[in-house]
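The chains carry the letters A, B, C, D, E and F, assigned in the order they are written, with residues numbered from 1 in each.
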Amino acid sequence: MQIGVLKETKENERRVALSPDVVKLLRKKEFEVIIESGAGEGSYFSDEDFKAAGAEVGPASAVYQADVLLKVNLFSLDEIARMKEKSACISYMYAYQFPQIIEALNAKSITSFSMDAVPRISRAQKMDALSSQANLAGYKAVLLGANHLGKIFPLMMTASGTITPAKVLIFGAGVAGLQAIATAKRLGAIVECTDVRPETKEQVESLGGRFLTVEGAEGVKVEGGYAKEVSAEYLEKQQQLIRDKIKDADLVITTALVMGKKSPILVTEDMVKSMKTGSVIVDMAVESGGNCALSEKNATVVKHGVTIIGEANLPSLLPVNASNLYAVNISTLLLHLASKNGLNLDLEEEITKGVLITHQGELVHSFTKSILNQ
Amino acid sequence: MQIGVLKETKENERRVALSPDVVKLLRKKEFEVIIESGAGEGSYFSDEDFKAAGAEVGPASAVYQADVLLKVNLFSLDEIARMKEKSACISYMYAYQFPQIIEALNAKSITSFSMDAVPRISRAQKMDALSSQANLAGYKAVLLGANHLGKIFPLMMTASGTITPAKVLIFGAGVAGLQAIATAKRLGAIVECTDVRPETKEQVESLGGRFLTVEGAEGVKVEGGYAKEVSAEYLEKQQQLIRDKIKDADLVITTALVMGKKSPILVTEDMVKSMKTGSVIVDMAVESGGNCALSEKNATVVKHGVTIIGEANLPSLLPVNASNLYAVNISTLLLHLASKNGLNLDLEEEITKGVLITHQGELVHSFTKSILNQ
Amino acid sequence: MDASALIILIYVLVLASYLGFELITKVPPTLHTPLMSGSNAISGITIVGALIATNELGYSTLSKWLGMLALVLATINVVGGYAVTDRMLKMFKKK
Amino acid sequence: MDASALIILIYVLVLASYLGFELITKVPPTLHTPLMSGSNAISGITIVGALIATNELGYSTLSKWLGMLALVLATINVVGGYAVTDRMLKMFKKK
Amino acid sequence: MSNLVQIAYLISSILFILGIKFLGKTKDARKGNVLSAVGMLLAIVATLVNLNLATFPEMLACVLLGGVIGLYYARKVEMTKIPEMVALFNGFGGLASFAVALSDFFLKSQLIEGLDTVNLISIILSILIGGVTFTGSMVAFLKLDGKVSGQPITFKGQHLINLMLLIVFVVAAVLVFLNPGNPLFIAVLVVIALVLGILTVIPIGGADMPVVISLLNSYSGMAACATGFILNNNVLIVAGSLVGASGIILTQIMCKAMNRSLVNVLLGGFGQTVSGPAADGPQIVIKEVGVEEAALLFDSASSVIVVPGYGMAVAQAQHVIRELMEQCEKRNIDFRFAIHPVAGRMPGHMNVLLAEANISYDKLIEMEAINDDFSNTDLVFVVGANDVVNPAARTNPASPIFGMPILNADKARTVIVSKRSMGKGYAGIENELFGYPNCLMLFGDAKQTITKVVGEMKEMS
Amino acid sequence: MSNLVQIAYLISSILFILGIKFLGKTKDARKGNVLSAVGMLLAIVATLVNLNLATFPEMLACVLLGGVIGLYYARKVEMTKIPEMVALFNGFGGLASFAVALSDFFLKSQLIEGLDTVNLISIILSILIGGVTFTGSMVAFLKLDGKVSGQPITFKGQHLINLMLLIVFVVAAVLVFLNPGNPLFIAVLVVIALVLGILTVIPIGGADMPVVISLLNSYSGMAACATGFILNNNVLIVAGSLVGASGIILTQIMCKAMNRSLVNVLLGGFGQTVSGPAADGPQIVIKEVGVEEAALLFDSASSVIVVPGYGMAVAQAQHVIRELMEQCEKRNIDFRFAIHPVAGRMPGHMNVLLAEANISYDKLIEMEAINDDFSNTDLVFVVGANDVVNPAARTNPASPIFGMPILNADKARTVIVSKRSMGKGYAGIENELFGYPNCLMLFGDAKQTITKVVGEMKEMS
């Protein structure tokens, strides 16, 4: 079975779906691997590195002949057009947002798997690219924010006066939020965090952060680890709490996502106005609509004296680590789905069922179907 | 006595010589203060803030009428042209580099004091802007470098593989170097450092860094805490050590200065070539010639796959802290030199002797004289 | 026994008891069992009494039979006690 | 004194000495001086001997004079010793 | 008695004292046992020297018989049965004192000079204590041996009956005083003493038996002491009171270690074993360990692997674990950390915390790199980890973590698990590792218990 | 002797034992002293009951005289002179035993039954020990009081002379045995004992005096014990041997605390005070403190301020200081850090380290904010800081740090300074704070010593 890795085409994307280390591993399992020339450049993997690991390096046209194509980002319609009939592909898809892609894939009977749909069960942790990338994003968000901030994070008592520690306020204690807490804390900031899921309190405190509890935190539905639905009353109380806290914050990082939905607006324009001049907001939810009313996707804007960073692709700013981890994730999934002789699908198996989007010309993914049918 | 603060004119300079807090203090001591409108903007101090603190805010023309003018950066010839005869001014000067400025000041019999010439004695620690700004620069250098690096600093063992910690190599364990060590260490990197002064070994280790000792570290002259002269043989051995270490480094920060001289070249082009693609160098000595052969002042360049950051004014990237600390430094010096009734110089006193550059139409600073007479 | 002899015995009793108290403080729990067993063996000192009780000529008296019973039992206590304690402690060493 | 009485005195001596050893282990240095002073007062128990020595009728004998000397000295030791120890310890409490 | 004998007695008294002292220290315990055995031998020899050699044959026979029996059982018994054996021996010791007292009573009551007050009191005490020790120890033996149910046997009015028996005993004792010649009263004393021994031990549960044996051991010392008063013999008094006093203290220490009060134990009915099986799932029977013993296990290990988990983060135990590491490294114990990729609640959670505690990176070993080393490791210390060491991931396809690679902590010689309770981890499932024979549970907040362990270790060195 | 008296003696023996036990514990020490005083009173009263009341007047006079003198000096003496006072009292105790022994000798040698061997041996020992105790204590007293130079006085052949004197003593003792009637030999014994006391103490230096006094104290106990053998009196034996044994142990503990061996102390000539004045600069006389005492000082403080400096960073003591904080906070002791703006070697050096040790920001107080609080603080703990607490900055215009604001650590009630030696700081100047009366030096690497202090504190609780 031949695996093909295409160079990413999305703007500012520096990741690549496989790393030389992982290629070596796949070669050991007798898979053939072909990489588009220059695909690893953004992550500082040269074509030579890939060749040394046992991959073939060739032009895109050669890569499209592979049995299964790997990418980080969704395949575009152009790319699908160049793919073989009945071949397979794996990448992030967020399929429920892109019905025309599904149609295109089905038209060619391409079997497609979505990395963002890996079920969050223990067995699948090694394939969980959402976690691995969110983790890096959490770190990077803090560094970006710290770099845009006109002051330092730690408390420092010096001969020229005392520098008070920066206050960092984090929304959402998921994977990214927790890593952001850890990183900000390491750098010496005072870190506060709020989340709708009450069990995150202990987790936040285990990293040295302070948890802000919304009084009467009922009315939050949690399903499979994801926040599903939040009551209006709860949101009201949360807003009040945020209003009080945000005035003192130097850096705000928002990570609140609700799966399959637009992200909740947690930081309104009024709140931004109430913030100190020079403070910074990093909106990590900007891709799915943003947690801050004023954030702009892939742009850093200054509004009401506040710098708002809307970088949608934070992991790509840490391309080396991000590619390495993503490569492990995608290859582990691939090894789960295929042997050297080709795909080997057990359609009843939990992980396979979770990730399989289109198969034999049909959309088979139930969650995607349910969203698209709404 | 009236104190005037001009807006900085140097490009990218966001600092200001006084902060509202310090203005308040000076007002309490019955000094009058006039600030150029908009001078604090870069540091997020509004004119209102200054007014609230008791300062007058006015146009530049009004500020030039003050008895003593304060700035961060050297006064330009234009600015000197607008100054009153026999008035006084304080700022960074590095006077030995700018004989034409000395002439201009003397032509107007302006009494000038240089912040970079504050003697490094215990009593003067509160006036030591070199230390206070270098400290911030050390922190910022790490953040900048970390932000440009394609990987994260800390070791992380995750389901998708282990991320090895970044290796940071720091040259010079002065104030900036030590703070860089502390910051990089905090973020989780493995930090190594080298310096010509042997006593820095203990200091580096006290911050959790590893000290790289150059075998046979004789032939280093240290005077008043500054490295003065380094023997050729020593430099040779040091080069060898660096060559061995730099290959593995992810981030290199150079801080080696030799007072009154061009900084030593520690990282040669060959060394840069030997480094890993994607690694980063922050040359903090770029202002005085740079420790890296390829660094360019105020530019970030990629050479041989290595990102080389030549930001000459790092403190200005942390304008809030930098201005606050500088304001304490400069005001402490001012209070040492003057009472509310005017300057009050004791020409034999150590600090005054140290900082006074021109007085009554003459260059009086002995170190500057000695350099200019060479 | 006259009272002054008794008092001197009580001196000995008091001092020895207090010493016993002082000696056994902060013994680690692992040693509880061997210590118990070892001091159990010491309490077999009653063998001295048994010997004295047996030391009566002729076979007939009840007290002599009792003494002999005591001697057998006390010997079991002493011999068994020390042996088993030693076995236990030997095991400790190995660990 | 007959030997068996002596032996029983030696019993007492041995037990009390051992007890003394056991009692004074791990005393914090702050208590060294009061402990020294307090036990010094106890060593004034020789006052009992002095009382017995003084308890001779008539004034003339050397041994009686020696006894009286001993009594004065021992009393100084006892009274002074306890008093000064107490003063010292009172000071501790306050701290 | 000759002076030489007295001096021998003095020396053997000293040997007993030293013996007990050494028995309380791990290093010297064996030496202590030998010392006290030598003391015993000396006392016996000295006694024999003073005796009428005409009865030597009987004595020899008795000693041989007893010696053979004692040695045989001491050799044969399985190590797990040692508590039973101690109980048995102890009962014999009590019975011996009891018999000596009776013997002396019958002897002296036939003599012209008769029994003086001290004699009589001593004899009565010896009968009471010796009798209680004997039957009490026998009951304890039977309970431990499983010949009688280990469960506490309680019934109404138990304490009242004991009280009444005691009163009858006192009355009978007074009657003995008034009429020392009448063997009836002595018989009453004998019977009551034996019955009391049974009644006081049956209400006590199996788990509390060690405490009871320790107490009975103390009694047998007191019985020997009373015998000493009967025979006016110093070595009996010294040895007996030493054992009596140290036994009482030991009993109290043991009670404290079990978090019980002595009264609580003696009143009985509480002696159930601790164990926390959840209502669902299989019954997991666990073994607890105390901080002192845990410290001893660290002290005697030559290699230790720590498995940190989310509980370490919750307890913020990372700093005290570094201290533990320092203590171990001072003893040249190989000390490493096994980091499971998903330990904690975020990727790299353990790394962040251990770095905060200044634990150098090279002590942290990834799962794949360390998993084979567990089987050669003396001691694995699982700190607040649960799912990541749950063998169900290997064996139970029904469990939600099946297929997740885990750390092979269970393969180590000994495993100590520090957690607060039998609470479950993230996956919400039982962990059968906790019931494995090589696994000991150290309950309590990780930071607090480890602090105590470190304290104990510091004292040891 | 009546039995009642004997029982009283028994009780007072027990009281002495308890007294000594309690004297060894900070909390109970005062109670211990009272207990042993009650024991003494009981012993005296019991003795009187048994005596011939005809000599009561003389006895009363003697007791009154002694009592008044003792009480007067005990009241009057300054607290700093207590060691002298103990030496003096101790000498009197020794002399009393000595006198009792002589008295008994003269008395018994006139009686018909005469002196038996035990009597004679006891008397000779009592004379030797009592005499040495007396003159030795007097020399110690004079040295401590400054009436005689505190310097060790040594001369050639000192040990030889002592040895010869001892031999003469033994010969004379044998002669006394052979000829108990001849007072000449007794006189020789007396003289030699007194001379030996002087000779053994003069070579010992002033700093070692406490050790010597402790040893002499032990001797006076032994002398009392010997007296007990003379008079066949148990309470003397118990009390005397208790003091004798505990005194010897105490002496050894004190030697260990001073890092000296007992032999080393007794052979003399080493007794110079520890102090590290540099060749230049004024002589700074310092007081050392041990870890146990330091722990006690923390334990009894109600407010503590830690002043960290560069030495804390060098020692990497930040983590163990956090433990110290936890120990103090457990005791409700107010615990803060005073951060000097230039402590360490880079701006914010202390902040970095204390944050690493997870010490919360609100415990760190800036210099200006805390400088007024020092005078209300029980204990300041200076950890590896030097220049930043050097009062020379306030007072000595010639010093390179003059004009630098410093932390007013010296204003606190007690200051403990943890550093390795009398080494100087960055500025390279002496720090006279170390010689202040309220300042105690805790020498050793900061991490190691503080670890020990924390260990002691854990044990205390």
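In this text, a contact is a pair of C-beta atoms (placed from the backbone, for glycine too) under 8 Å apart; a residue touches a chain by one contact, two chains touch by 3 or more.
Quick caveat, the model's predicted, so the values are computed rather than measured.
Chemist: Among all the other chains, which ones are in touch with both chain A and chain C?
Modeler: E, F
Chemist: Please indicate which chain is farthest from chain B, where distance is taken between mean Cα coordinates of the chains.
Modeler: Looking at centroid distances, C is the chain farthest away.
Chemist: When the CA atoms of chain A are placed over those of chain B, what is the turn angle between 0 and 180 degrees, to the nearest 5?
Modeler: 180
Chemist: Which pair, B-F or B-E, has more C-beta contacts?
Modeler: Top pair by contacting C-beta pairs is B-F.
Chemist: From the centre of chain F, which other chain's Cα mean sits the farthest off?
Modeler: Centroid comparison gives A as the farthest chain from chain F.
Chemist: Let me have the rounded angstrom distance from the C-alpha centre of chain E over to the C-alpha centre of chain F, please.
Modeler: Taking the average C-alpha coordinate of chain E and of chain F, the gap between them is 40 Å.
Chemist: Once you find the CA centre of chain A and the CA centre of chain D, what distance in Å lies between them?
Modeler: The separation of the two C-alpha centroids amounts to 83 Å.
Chemist: When the centre of a chain is set as the mean of its C-alpha atoms, what distance in Å lies between chain C and chain E?
Modeler: 19
Chemist: Where the CA atoms of chain A average out and where those of chain E average out, how many Å apart are those spots?
Modeler: 57
Chemist: When you check chain A against every other chain, which residues touch at least two of them?
Modeler: Within chain A, residues 125-126, 131-132, 135, 154, 156, 158-160, 163, 186, 188, 208 contact more than one other chain.
Chemist: What positions in chain C touch 2 or more of the other chains?
Modeler: Where chain C meets two or more other chains at a single residue, that happens at 8, 11-12, 15-16, 18-19, 23.
Chemist: Listing for chain E: what residues touch at least two other chains?
Modeler: In chain E, the residues touching two or more other chains are 13, 17, 234, 238, 316, 341-342, 347-348, 352, 356, 358.
Chemist: Report the complete set of touching chain pairs.
Modeler: Contact pairs between chains: A-B, A-E, A-F, B-E, B-F, C-D, C-E, C-F, D-E, D-F, E-F.
Chemist: In their shared complex, at which residues does chain C touch chain E?
Modeler: 1, 5-6, 9, 12-13, 16-21, 23-57, 59, 61-64, 66-93, 95
Chemist: Which positions of chain F touch chain C when the two form their complex?
Modeler: Per the touch definition, chain F meets chain C at residues 1, 3, 6-7, 10, 13-14, 17, 234, 238.
Chemist: Could you pull out which chain F residues touch chain E in their complex?
Modeler: 316, 319, 322-323, 356-358, 455, 458-459
Chemist: Give the list of chain D residues in touch with chain E in this complex.
Modeler: Interface residues on the chain D side: 3-4, 7-8, 10-11, 14-15, 18.
Chemist: Under the touch definition given earlier, write down the residues of chain E that touch chain A in their complex.
Modeler: Listed in rising order, the residues are 310, 313-314, 316, 341-342, 344-349, 352-353, 356, 387, 393, 400-404, 427.
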